[in-house]
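Both complexes shown next keep chain A, but they swap its partner, so chain B is in the first and chain C is in the second.
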Partner chain A sequence: MKLFTANFLACAVKSCRTSPASFPLHFRDAELEQQELDFQPDFIRNILPRLDWDALQVIANELGFPKLPENKPADDSLGDEGLLRDIHKLLLETQVIEGKLVCGNCGHEYMIKEGIPNFLLPSHLV
Partner chain B sequence: MEYLIRFAQLHETFRLPELQSLASLVGTDLEIVHYDPCSPYCIIKLPNEDAARAVIARSILGKEIFELWTQGSTYEELHANVRGRTQHRWAQFKHDSFRFTVDGYGGHRSLTEKREIIGTFNYMGFEGPIRMKNPDQDFWIMEQYTPDFSPDSLMSESKGEKRGDPKKIYFARWIGNSSREATNQYDLKKRRYISTTSMDAELSLITANMAHAGPGKLFYDPFVGTGGFIVSAAHFGAVTLGSDIDGRSFRGKQKKGDPPGVFRNFQQYGTESKFGDVFTSDITNTPLREYQFLDGIVCDPPYGIREGLQVLGTRESRRGRNAAKEEIIIDGVPAHYRPDYIAPKRPYGFEALQNDILEFASRTLVTNGRLCMWMPTASDEDGELATPMHPNLKVISVSVQEFNLWARRLITYQRLPEGEVSDVSSSRQLKDGETGYTANELNAFRKKYFEKKKENKTGSEKGSPASR
Partner chain C sequence: MLPTPDTAHVSFDTVYEPSEDSYLFLDTLSSPSESSWLSHRFSPSTSTSSPLIVEVGTGSGVVLGFVAANSQQIFGRRDILALGTDVNRNACAATQETAQRAIRDRQCTTDNDNDNDTSTTSTFLSPIMADLGTPLRQGTVDVLLFNPPYVPTEELPQIPSATTDQAMEGMSRSEKFDHESYLLSLTYAGGKDGMETTDRLLDAIPGLLHPGRGVAYVLLCRQNRPDEVRDRIAAWGDGWKAESVGSSGKQAGWEKLIILRIWRELP
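Then we have the complex of A and B:
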C-alpha cells in the first residue's frame, strides 16, 4: 500500500465519519519497501492540490521520513523537478508491505498483508 | 472540413458515444454529418487535420480517419466530382509517394477489378513513386454496396445473390490510424490473470475512452475483480486504484511473496507505474474519504445472478430478530483481529447498490470527472429497467450490448459543477434497499432474467413454432 493512497482513506466505521481524529489513519508496525517506478510529474502536479498536506506530514513523520516542506508545494515550486521527484518517491514508490492502519478515534485496526489493506468491518461496527 | 471515419461494424451503439467522448477529451468541436448504424462509413466535421488525428488516435471502434474529398452513387458521378471539386488539391501531392486502396462494405472486388478501378483515376496525374508500404499519401476508394439504413441487406449477399453495383462510393485521403490494435494486445486469451467475469478487452478499452482516462489522472474501480477496467485506464495513462469486497478476486492464486494477480497484468503490459493500489472494502462502508479527488470511476457492479449481491452486515432473520451485534471475543482476542476472520455479509438490493454508486461518485468525482457504469437489463421492452440518475451527475450516453436473453448497458455520467443539477424526473424513485428478503425480491434484473429463461425453455420443449 502506497502513501498517496493513505491520503484518501479514513476510518470506514460510520460513526467515525464526523470525527476529525478518524483521518489520517496511523500506521503501526509498518514494514516498508521501496519500488522504483517511472517518474510521472504530470500526475504529481494534478494530484497535489487534492492532497491533505498536514496528514501527509503526520504519516511521513510516523514512518520516520525526513521532514517535508512546511507548506504544500504550489505554483512556482511545481516546476522544481527535484522536489517533484522527491514527492513522487514518497507518494508512489514507497509501500507499506505489512502492518496496521489504526483509527485515531475508535482505535479500530485495519490489517495490511502483502501490501493489501483490508477495510471490511465486523458486524458490530457496520 | 469534412472527414470520413471507417468504423468496425460491431457494438454500433458505442461508436458515436466513443467518438464524441474523444472529441470532448481533446477539446475539439465535432459535428456528425452522416451516420448510419448499418454502415462502417461515417462523415463528420472537424476544424482541421490535427483535430482529426487527435480524435482518432485513441479510438477503439474507429479504424482510420480520412479527409473526405468527394463521393458519388456511381463511378461516373464520382469521377465527375473528383474532376470538378478536387482538382485544386492534386498539385499539392503531385510528387509525393502514394498508393490507392479499394475497400468495400457488403461486397468485394477481385485484385484485377481493383487494379482496373485504380487505373481509372490516372487523370489525377500523380507523378511520385508508387509505394505499397508507408507511402506519403494513401488514397482510398470506399464502396458501400448496402443501401443506407438497411440492416437486412447483408443477408441477401450471403445467400449468394449477385453482388450488384455499389450504392455509394467515397474518395478520401488517409490521415491517421486508431488504437484498435490495442484490442489485440489486451486480448483476454493472452492475459495473465482473468476470471469468468472479466470484461472483454475491446469493451473495457472503450469504457476507459468514454470515462476520459488519461495521463496525470486518478481512476478508481470499486468492483475491481481481475482488474480489466483499471488495466485499460492505465493503458491510456491514468494512475489507478481498485477495491473489491472479496480480496481473493484481485489477489488470485498467490504464493507468499508473489504480487497480486491484478498487478501481474500491469507487469505484462508494462504499466506498473500506473498501478496505484488495490484494497479490500465494500462500497456501502467505504474507507475512501468523501471529497472530490477522483478523475474517473469505471465499474461493472455485480449482477447478482449466480450469487446474490452482498454488502457488509448480518442478515436479519425472518422473525425480525437481530443477529449478533456484539463484539465476539475468542481466547481474549477480538474475533475480527484473528487471521482467519471472515466479515459477515448480508444480501443487498440491486437498485440500492446502483444508487450507492451514484451517490459515491457525486461526492468523490472532481467537476467534469466521469463515471462509467455497466448495468444489466432484461432485453424485453416493457420490462426495461430505468437508467439510474443523480442530480449532480449528467447522463452523457447510454450504449447497449445485446445478448440472447438479456442485454447490458454502459451508462456514462459526468459530474456537474456545483450549482448545476440534472433532471432526474424520469428515473425510478423506488429504493428497495431494506424492503426485500429473497434474491429476486432484492433484484428486479435477476427476477426478469429467470422468468425469461423459464419462458424460453417451455417454448422449445413443446417444439411449437415461434409464436412471438
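Then we have the complex of A and C:
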C-alpha cells in the first residue's frame, strides 16, 4: 500500500465512526519500501486538496520522516518544487509492506501483510 | 472500443472471472453519454482536486483497472486515484496487478492512441481487504463502483470476518475445497432477492460519497427488482436520484442486467 492510502482509511469498527480518534490510524512496526516513480508536479498540486494535513504530519512523524511545514502548501509554496518532491516521495513512492495500523479510539490493530492491509473484523465486532 | 485489461495472471479458483456483468460495467462507463456526464461532473475547471475512485468487491480488478487506465476517456482527466476493496486476499493481489498493468499499458507507452498528456498517470493506491467500504473515511469517495453478489439464494454466506483470511496451506483437501467454495459463493450469492449485500452497501452510500460530487454505480439483475430499488433511493430525499444508465441481455422485453447511477443533485 502506498502511504497516501492512509489518508482515506479510518477504523472499520462501527462504534468508532463518530470518534475523531479513529482517524488517522497509527502505523506500528511498519516496514517501508521506496519505489522510484516519475515526479508529476501537477498531480501533486491536484492531490493536495484531498489531504488531511494534520493527519499527514502525525503519520510522517510516526514513521520518522523529516518534519513537514506547519501548514498545507498553498499559493506561493505550490511553486516550491523541493516541497512538492518531498510530498511525492512520502505519499506516492513510500510503500508500507508489513506492519500494523492501530485505531486511536478502540485500539484495534489491523495487520498489513505483503502490502495488503486487512480490515476484516473478528466475528464479535462484525 | 477501449481495450479490456489483461487478467491472464489471475487464478480463478477463488476469484470471480470477468463475465457479462463486468463487461456491462466497462461498456456503460465508457459509453459516450456516461463519459460525457462524468467528464462534466469532474471537470478540472470546476475543481482541480483529483477524484478518488473506489471499487468494492474488485475480484480480478478488471473494472477498476479499466477505469483507471482509461481515465482520460472516461473522466476527461488522468490525475485520478484508485482504491479497491475485496474480502479475498487473492482478489486483492490480483487487483493490484491488473490495475498497475492496465495503467502502464495505456498511459506509460508512447505508441497508443490516447492523448498528448503523458506527464500525468492515474495512480492505484492499494488493495484493501475489507467488507464493502467499512474502513473508508466518510465523505471521501467521488466514484463508487459495485458489481455485487446479486444472485438470489436461499441463504446468504456468512459475512466475512478476520478468520476468512486463512492460509490454505495445512488444510486437508476437503477443507481447502470448502474454503474455496465459500470464497466463490461470496462473489455471487446475494441471499433474499439477491439483495442482502447490495442493501448493506446502499445504506452506506450517503455516508461514503463526497457530499458535493459523489456518485455510485451499482449493478442489479432483474430479480433484484431494480424499479423498487430506484424508488427507494429517490425516497432518501435530499436530492438523491437513481437512474438506469446501462443494460444488457434483453429477455422477453425485460433487461436482465442494469447499472444504476446513484447521485445527489444539489439545488
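The rule is simple: the second predicted complex is superposed on the first by the 126 of 126 C-alpha atoms of A that agree within 3 Å, B and C clash if a C-alpha of one lies under 4 Å from a C-alpha of the other, contacts with A are read in each partner's own complex, and residues count from 1 in each chain.
To be clear about the criterion, a residue touches a chain if its C-beta (ideal position, glycine included) is under 8 Å from a C-beta of that chain, and two chains touch if they have at least 3 such contacts.
No experiment lies behind these values; they were computed from the predicted model shown.
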item	value
Simultaneous placement of chain C and chain B on chain A, clash or fit	clash
First (chain B), second (chain C), both or neither touched by A:S77	neither
Partner chain(s) touched by A:S15 [first = chain B, second = chain C, both, neither]	neither
First, second, both or neither for A:I116, with chain B first and chain C second	both
Touching partner for A:N61 - first (chain B), second (chain C), both, neither	neither
Those residues of chain A which chain B touches in one complex and chain C touches in the other	1-2, 4-5, 8-12, 17, 23, 38, 40, 42-43, 45-47, 50, 92, 110, 114-123, 126
Touching residues on chain A, where the partner in the complex is chain C	1-2, 4-5, 7-12, 17, 23, 38, 40, 42-43, 45-47, 49-50, 92, 110, 114-123, 126
Chain C - residues contacting chain A, complex	44, 47-50, 52, 79, 81, 83, 85, 87, 89, 92-93, 96, 119-121, 123, 125-131, 134-138, 140, 159-165
Complex contacts: residues of chain B adjacent to chain A	215-218, 239, 241, 243, 245, 247, 251, 254, 256-257, 260, 272-273, 276-282, 285-290, 292-293, 295, 312-314, 323-328, 334-337, 341, 343-344, 366
Chain A residues within the chain B interface of the complex	1-2, 4-5, 8-12, 14, 17, 23, 25, 37-38, 40, 42-43, 45-47, 50, 92, 109-111, 114-124, 126
